[in-house]
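I am attaching a structure below and will ask some questions about it afterwards.
Each chain gets a letter, A, B and C, in the order it is written, and its residues are counted from 1.
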Amino acid sequence: MSYIVKVQTTASRMAVIGAAILIPVAFVLPLFASRSLLQDLFFIFTMLTLAQWWNLLAGYGGLVSVGQQAFIGMGAYAMFGTVILLGWDPVPSILAGGIAALFLALPTAFFAFRLQGAYFAIGTWVIAEITRLTIAQWKQLGGGTGTSLPRSATRDMMFVDGIKVLFDTKTSVARDILAYWLALILVVLTIAAIYWLLRTRRGLALAAVRDNLQAARSVGVNPNKIKWLTFLSAAFGTGLAGALIYMQKARISPDAAFSVVDWTAYVIFIVVIGGIGTIEGPILGVLVFLLLQSILASYGTWYLITLGLIGIFVMLFAPRGLWGLLTENTGIQLFPVQRRLFMNKKLSKEK
Amino acid sequence: MALLKTQDLTAFYGNFQALFGINITLNQDETLAIIGANGAGKSSLLRSISGVLKSPSESILLDDKPIGHLDADEITSLGIAMIPEGRRLFPSLNVEENLMIGAHGKKQTGYWNLNNVYDLFPALKEKHNQPGTSLSGGEQQMVAMGRALMSNPRLLLCDEISLGLAPVVIKNLYEAFPKIKKCGASLIIVEQDIVQAMKVSDRVCCMMEGKITLSGRPDDLSMGMIHAAYFGEEES
Amino acid sequence: MIFLDSLIQGILLGGLYALFAAGLSLVFGIMRLVNLAHGDLIVFGAYLILLLVSLLNLNVFVATLVAAPFMFVLGWILQKFILNRVLGDDILPPLLVTFGLSIVMQNVLLETWSADSKRLSAGALETASLTIGPINVGIMPLLIFISAIVVILVLNLIIYHTSLGRAFRATSDDPVTASLMGIKPKNIFSVATGLAMIVAIIAALYLGVRSNFDPSIGPARLIYAFEAVIIGGLGSLWGTLLGGIIIGVAQTVGATINPEWQILSGHIAFLLVLMVRPRGLLPRAFD
């Protein structure tokens, strides 16, 4: 008898086809869509990017960080810094944001990995606070009150002129289209990168480290290397998203850019409600999040109370989230990472 | 009336089945030895009786009352104490505290108290202030036995008392059993050391692959029969 | 002289941080649970005292006494009906549930009390001070520090010299074997969280008397508490006091140099200790 290992499912093949249709449609969407729809989608794409990275950390890596706002703020401030102090164009500055977040992740990981288990969570939070307080001292970037991108930088931004001509539209709309495209590229690359990572040997090792550290070690997985890799890549992705979000906002302050509610709480709720430890979960979660926001956003505090209660409720009664509930009944997997064994009937007959 | 009875007892660790329909009966003041190779299900049987593993309610009866569904702490309060495999002393408790916690919240009274445990194991008295885990293996086993006795159990479950100990130490520990029996406890002894187990027991059950393959009085069983039941081979 | 003064202020402030931390430390020690809503529960406690003061016209100390049993029950219920359900080998669910709780509590407080900052009044005691040689020490900071010592003494007495404390330690070591001793680990957890909430209400009293508070300040208190616990070393309440003192001194000395550096200095002191002694200054021998 022989066996073959399969990762693909019928649903995943359909997902590939779906993505092959959806992604090009999303790219040409600015031709038809209203500006407010593009802004909503920008929000969805950036939140989804953050959610995917946090999910990789916590859901796959077991690294529950509540300090991801450190990398948002760092990425955003590095982008502002290179624009204001070095006179760069905001678009390439986004990359500088990602790299700055990566550099911040080095000392963060060094300290936070010294803390065992659950204390890791608060450790990351402390680093985020330290970064916020330090950047608030940086007077050239507005100190505690913050600053804006210079008008000249936002007006002459790369690609904006071309988009203006192409779509025959105002500068402000062209900027939104550019931000939308960048967010779309970022979220597609994020999901692709994470999916690829999870399907490689490293992804297997990641799950092994989360499930049983000792056992993983004994089969030759280096848990430290995997943890570092995960943490650093999540910081890079989060930093890029942070820089992009603040490029679109064009105004920054330490309290906003390092907000634990905006950049970590919302993200955690998106992942938890959608389904932690799956790629599909955050996608579903961000849609629920947007739905709740459109219903409750005008109630401010009640919105957060509701989200928090739903999050707690999900952890208590459906810890695998909405996507978990869905797959339990249907077995659908759009992004399968499990390797499943099938008996190879042909071969076994020959024997 | 039987003190303890199991009826078609099964046990699972997740999807793995460890026990396949075990039927044993233990009478008052009786000592039952359960022997068998590693992985035969002996410890699973004790873990089921003590409530560490959940069982169907009716599959374990104490005084003809179903107790299979109860939690470990509820079963302990019914007078069943366990000496767990590997002794499992509490590292943050000293010897005396380890003993005293055996009587935690218990109402049963009887012979066993701190003084009488120290009489049984004098070595512990002088070390009563030391962390339990700083003692030698044999002494740790004495603490584990004393700890279980402190609850004045009607039924004492002993899981692999001899594990990892030198023969002379094992002999020492087993010398405590006549006294324990005299003070009113029935016993189930799980052992790999067949000789010691047979010496103190009234009946022996041999287990293999989650089933009982042989049972009887120690005198009636030949080494050959035990060997067969132990390893599943034909008598040679 | 300014430095000596801020050193003493810092040490006394450390007492407050130790009070923030003692409950966190107790709960982590027994069930390896990090309650991310700990700071918010303290802030909630301060509002509860405020409510009792304004409703029943009580003195703040009496109001704390009245609130204490209520907080115990609250902690007990929280543990029994929510946290016990998610405790296990996976650290994720309890962290996420307490994080959710933290967000919910902040916003419920915001909704009921608004974002305006409040304060508890201890009357003349607030301004009274004691002059020892050249140093002037406020009675209130001194009282806070002494309370911290008393709380730690009482907690240690419970942990090391009562049968409840024995059960705490046994459950912390090995819950399965503890259950073979007739201990119900989940009940022990509920009692421990209740106890931690009694410490939290004492911390809440002094939080409210010493400075203004509003619904948003819980997470910062959690962070100070956490830093104190880590600096001190897990499992040692005296270590936690030492950790609180180090944070407190770093903050007051930092503030003397530049007021904007106050909070930052505390965090940096924490990082320095974490770098040099990752297991804290007074770690437990085993873990």
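The rule we apply is simple: contacts are C-beta pairs under 8 Å (C-beta built on N, C-alpha and C of every residue); 3 or more make two chains touch, one makes a residue touch a chain.
All values reported here derive from a predicted model rather than from experimental measurement.
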Touching chain A and also chain C, the following chains: none
Central subunit by CA centre of mass proxy: C
Rounded Å distance between chain A and chain C, as computed from the means of their C-alpha atoms: 33
Rounded Å distance, chain A centre to chain B centre (Cα mean): 54
Whole-Å gap between the CA centroids of chain B and chain C: 44
Chain C partner contacts - residues on chain B that touch it in the complex: 50-52, 71-73, 76-77, 81-82, 84, 88, 90-93, 97, 100-102, 104-106, 133, 147, 151
Residues of chain C that touch chain B when the two form their complex: 163, 166-167, 169-170, 172-174, 176-184, 286
Residues of chain C touching chain A in the complex: 28, 32-34, 36, 82, 85-86, 91-97, 99-101, 103-104, 106-108, 110-111, 219-220, 222-223, 226-227, 230, 260, 263-264, 267-268, 270-271, 274-275, 278
Of chain A, residues touching chain C in the complex: 58-59, 62, 64, 66, 111, 114-115, 117-119, 121-123, 125-126, 129-130, 133-134, 136-137, 260-261, 265, 268-269, 272, 276, 301-302, 304-305, 307-309, 311-312, 315-316, 319
